[in-house]
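Here you go, one structure.
Labels for the chains are A, B, C, D and E, by order of writing; each one numbers its residues from 1.
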Amino acid sequence: MLEIFGTQISLAPIWLTLEVAAMTTLVLLLLGTPLAWWMAQMRSSNKVLLEALVALPLVLPPTVLGFYLLIVFNPTGPVTEFLRFFGFEGQLTFSKTGLVIGSVFYSLPFAVQPLMHAFEAISHRLLDAAATMRASFLDRFFTIVVPLSQRGFLVAATLAFAHTVGEFGVVLMVGGNIPGETRMVSIDIFDHVESLEYDQAHILSAMMLIFSLAVLMTVYGLNRRFGVKVG
Amino acid sequence: MLEIFGTQISLAPIWLTLEVAAMTTLVLLLLGTPLAWWMAQMRSSNKVLLEALVALPLVLPPTVLGFYLLIVFNPTGPVTEFLRFFGFEGQLTFSKTGLVIGSVFYSLPFAVQPLMHAFEAISHRLLDAAATMRASFLDRFFTIVVPLSQRGFLVAATLAFAHTVGEFGVVLMVGGNIPGETRMVSIDIFDHVESLEYDQAHILSAMMLIFSLAVLMTVYGLNRRFGVKVG
Amino acid sequence: MKLGSQYSHPVTMQGNLQLKLGPFELDSGEFTLPLQGITVLFGRSGSGKSTLLRAISGLDKRTHGQLRVGEQIWQDGRRALPTERRHIGFVFQDAALFPHMNVRQNLNYAVKRLPKGVEPADFDEIVERVGIADKLDRRVTFLSGGERQRVAIARALLGRPELLCMDEPLSALDWRAKAELLTLIEEVVEAYRIPVLYITHAPAEVERLADRIVFMQEGRIESIETLQQALSRVDSPLFDEQGAVAVLEGEVQPIESGLRPVKLGEDTLWLSDSHEIHKSKVRVRVVARDVSLALSDPQSLSIINHLPGKIVELVPESEHRMLVRVALRDGQRLFAEVTTQSAQRLNLQVGLKLFVLIKSVALAE
Amino acid sequence: MKLGSQYSHPVTMQGNLQLKLGPFELDSGEFTLPLQGITVLFGRSGSGKSTLLRAISGLDKRTHGQLRVGEQIWQDGRRALPTERRHIGFVFQDAALFPHMNVRQNLNYAVKRLPKGVEPADFDEIVERVGIADKLDRRVTFLSGGERQRVAIARALLGRPELLCMDEPLSALDWRAKAELLTLIEEVVEAYRIPVLYITHAPAEVERLADRIVFMQEGRIESIETLQQALSRVDSPLFDEQGAVAVLEGEVQPIESGLRPVKLGEDTLWLSDSHEIHKSKVRVRVVARDVSLALSDPQSLSIINHLPGKIVELVPESEHRMLVRVALRDGQRLFAEVTTQSAQRLNLQVGLKLFVLIKSVALAE
Amino acid sequence: ETAKIAVAANFTKTIEAVGQAFEKETGHQVKFSFGPTGKLYAQIKNGAPFDAFFGADERRPKKTIEDGIGVADSYFVYAQGQIVLYSANLPVAEQPIEVLKAAQFNHLAVANPKTAPYGERAVAYLKSKGLYDGLKSKLVNGESIAHAFQYVATKNAEIGFVAMSQVVDPQSPVYQKGQYWVVPQADYQPINQGAIVTRRGEQNEAVKAFMKFIKSPQAIKIIKQFGYNVS
């Protein structure tokens, strides 16, 4: 609990939000990187189809997306059964795992797009040069592609993070708004608005905005100071 | 009214959604183009700050964003007064205008980012060449920049359109869910889910997905066939 | 400034331009340039040639200083006449064709934007002369480097510029394309009488084209000289690995038994280049190392160019080599490079009459 | 293939590669190439030189066909040994330095990835020889074009390649940088005895460097010839606007009164290039147009190179010009270009003994 | 023991007060998750870990029993909502019907009659009084009763049917501002808010204790304080 201007602010949702957003960002970078690389290598016709598919979650309202995720990840549903087969215990929905899965779906395009643009901009001759120096594919990827796509990773991470922080519909649907477990800041603000606690809502919103702006600017600032300027 | 598999589907929200999405896309292109151009010309330090600012609406949950829009747009508030000064009649909330303005805020980053990338990729020497042939700035913009940023405009338009179609929180908060005036498909689906009319919800969702995929692919396909391949 | 007015009497460009680009600073200093014929900007890489040309064209908004062309003020402090109102044409090193238009559309871009009252140039004639008549409907992305430059030149000409700027228009091309386009540029400049500012760092191009040369160094204009002035220095920046060079001007005669006679006063130089020449006056480039000296007119020798001349100067080049400047009978001068040994053996001295033997002579290109 | 094994007896590359790139089709045909010394790939722009070199290096996954180097199979149908296991070095036209690393990091990239058991090359020596010892901590984005290529060459050498591929490594450079780097490449190749595949379309580079030449045309290998074979044809593709050229090989002698004597058998050619030479054998490039013929040894003439020779062939070049092939006393041959008029005047005929006058002679570069 | 209870969003504040009293009294823990009733229902149906479900109406709690998720005989009505007509400027306290008849306002806010019982009752009331047709074009629908209230509180709608609980709350932004009129309970079907225990919570001691506690006079007093009726 934190007191600001005489108003009680519960901190648990804030920590949870940061944790979920961080995990989502991590998962998105891990999944999005190979996907974006693959898309960047494609010829234009398939690429646009894939781009369209990746952008498709955008079209569904998040609550509706959450509704379908709820149905798909139902504890007696096939996906959970499938995972259980591999030793997965527990439930996908109404847990942090569920929040992360939902957010990953929802923010996928924001991670994939900037990465793809960054990868497309890398000169293949640099990779060729590395190959002639006996660098294997993974070696080339980590020593050439990753450092040169720094800005793409940065944009992907910040967009994914920001979008997850501001995420509401999916999280509410898939998470269940359980205090201390799946109640994120966005839902908390909403609850405060619902119960006429506008002061808390205002303070929380302001905190999120200021915090996010601070994070964005620090990250961009660091990038600017230490980043590679290419081209 | 349309009957699919014995289920009544009201078409009005669909038309409204398409209309609002189209208008939002138009407004975003009109506003986003100069903003993106300006950002593309900037040196990197200010640019990242501006990029962060443009991305900021992402951090607020749409419902919360909508809540603040409700406060800002109230008919006796300064924004409405300001607009009234320019001859604007009526109210922003509970109107299509309000929906469009709300969606514009919400989707701004998705229009600005791809446009900025596209503009950055244009060789300034082409603009120089056009200037030596007596083309004024606007002339150069429309005859060189716009055709060469075709793909950026396409991505911006499709993302903005898709995001508006799937937009929920802001529209819900600001619109007033007036049938035929501000009830969009996303809210309609939500209402169906709320009142346990899952069949209608499924059918509407499927329609939106299929329609969106069709639109995206047609647009990308046309672009591929008639588009300019540069570089 | 009325279009065409400069054709009769040359307009003067007068200026003093500054432009700071990161660590680099262009500061031209006061300069005055008659806009007539071809003016070459010459200098080492990074000396600011491109920057100056862009400043003159108004393509860099950060320029300040003064620039006046004829009666018209192009730059005054930070206030600048926008490029689109300077009536210039620009040919860039990489052509800068619009990739979303075909060749004809690229050309028409210039034609459509001619100011009212300016008569369009003869489209067909220019296209024909530049040699792209059969490529008008091609996508520009499918053109070769030489073809692209031709289109760029045609496009610039169709804009009826009052000044044509060219920034290394040929440097990306191979020698064959280069040779063809040099001829084209020469012809075009002569035919349309447009003053040209031309950047190159190839001395051969300078010798072929230049009426005057603007030497640049570290962002400054060092000097503005005519070609003859520039070549008369022994340490001219125009001399490259081939060493000293002279350029002789002569009148072309009809071909005789496969050789092209070029009259230098009463004497004749025979060129082996037998390709067609449309001009009456040509420049001939003579490298000092290709020139031998003989005290008497030698016989039983396959060298055909033996010209009588007189030594006007002996310039030691190094311990063992020297340059001998020889005046021909019509007053034009050229260099011969000889070893000090030979000079002693032949007893070379100023005033000595002798024969200049030139083995290989080429039109300046 | 053990590292260094090819130094003693040359490995052979044998192959037949296909690669389709849009409208362009590379189909090398069967070829056999001893991997020793410098092999130049020569051909017009678009003939497929780069494509072939990339196919040989395994840089294009779409390649198919056969390729065997020594005992090792590099390509068999669609199966290909990945580039990183071919132990090649590659120097690209634009250097392809890693922009996020400084010079030292670029160099170490190669060193760190040497296979176990391969002894690293002497870093300091290579860096010194290539002339970048004082630039190791520079950001590569701040290097000039020539410096970039030096780093690229050093980087390739530090990878201890068993084959060095170079795709027009000098074409983006000006003549000064070009001359320096040509010397460097020559030295390096001699010092480290690495076989080289070298692409260029500059005949001067071919004449200077090539041990053998792979002529390419429209995606095919037309022929593989030694330099002498290639130059002995009158219509050699190596001849450019300067016309026919001969390359003479001779032994360098110490400088005498500012001139560099090069022994061709008993006769001596005097070069005016007096820069340092670290080799005993050099190639000298003689352009046919620079060669004059005299029936008797002429006196009172500043030309210092008078070599006795004998006409072995007369080749009409055009109606009015001919090439005269002359054998020197040590058997090496060169061309002289003369007008038909002169030929008649001097009564030139096969077997005629005469003197060859060479005004300007340069080391091939 | 801990009980996880899903509660309709309109009851957020009330049940938190009850919960605090309960925890003090019994030592058990309760965790409340809030959301729209339909969404909570969908979550419970898809395996959400809730031990009890407090809906905003009768229908959806009862449906869980039909679905076999709710314990058959656990259903009871824990509160009845009261509708009030609120306006900041119009004299609704003295002349409610006249104000509605005169219709000198642009917007009348109600909760969505399709999904929220407050809205449904309000519309039914208007119909029964013959006022509906005259006001139909001025109705704006809040997604929930809280949302309808926001329209009024932010002055986007001049007048609205809201919940008693929202105007009597001392934290409410309209507390002791403007006027309200309590719609006579006899004029509309009671808004029964029903609750059930889920099969999952059947054995949970905390749930049993809470269900008992909420029927206690102490709890009823709290509920009434917040503006609800308890029959």
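Just so we're on the same page, a contact is a pair of C-beta atoms (placed from the backbone, for glycine too) under 8 Å apart; a residue touches a chain by one contact, two chains touch by 3 or more.
If you're wondering where the values come from, they're calculated on a predicted model, not measured in any experiment.
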Name, by label, each chain that touches both members of the pair chain C and chain D. none
If you walk from chain to touching chain, how few steps can bring you from chain C to chain E? 2
Relative to chain D, which chain's C-alpha centre is the most remote? E
Between the Cα centroids of chain B and chain C the separation in whole angstrom comes to 55
Express in whole angstrom the distance between the two chain centres, defined as the mean CA positions of chain D and chain E. 89
Dist(centroid_CA(chain A), centroid_CA(chain C)) in Å evaluates to 60
Residue numbers in chain E touching two or more further chains are 39, 42, 150
What are the residues of chain D that contact at least two other chains? none
Chain B residues touching 2+ other chains are 67, 187, 190, 193, 229
If you go through all the chains, which pairs of them touch? A-B, A-D, A-E, B-C, B-E, C-D
Chain B contacts chain E in the complex at 67, 70-71, 73-76, 91, 93-94, 172-173, 176-178, 187, 190-191, 193-196
Considering only the defined contacts, which chain A positions touch chain B in the complex? 44-45, 48-49, 51-53, 55-64, 67-68, 109, 117, 155, 158-159, 162-163, 165-169, 186-187, 189-190, 193, 201, 205, 208-209, 212-213, 216-217, 220-221, 223-224
Quick check on the complex: what are the chain E residues that touch chain A? 4, 6, 9-10, 12-13, 16, 31-35, 39, 42-43, 46-50, 144, 146, 149-150, 166, 169, 171-173
So, in the complex, the side of chain C touching chain B is made of residues 54, 57-59, 82-90, 92, 94, 96, 98-100, 109-110, 113-115, 141, 155-156, 159, 161, 165
The answer for chain A against chain D in the complex is residues 123, 125-126, 128-136, 139, 143-144, 147-148, 228-231
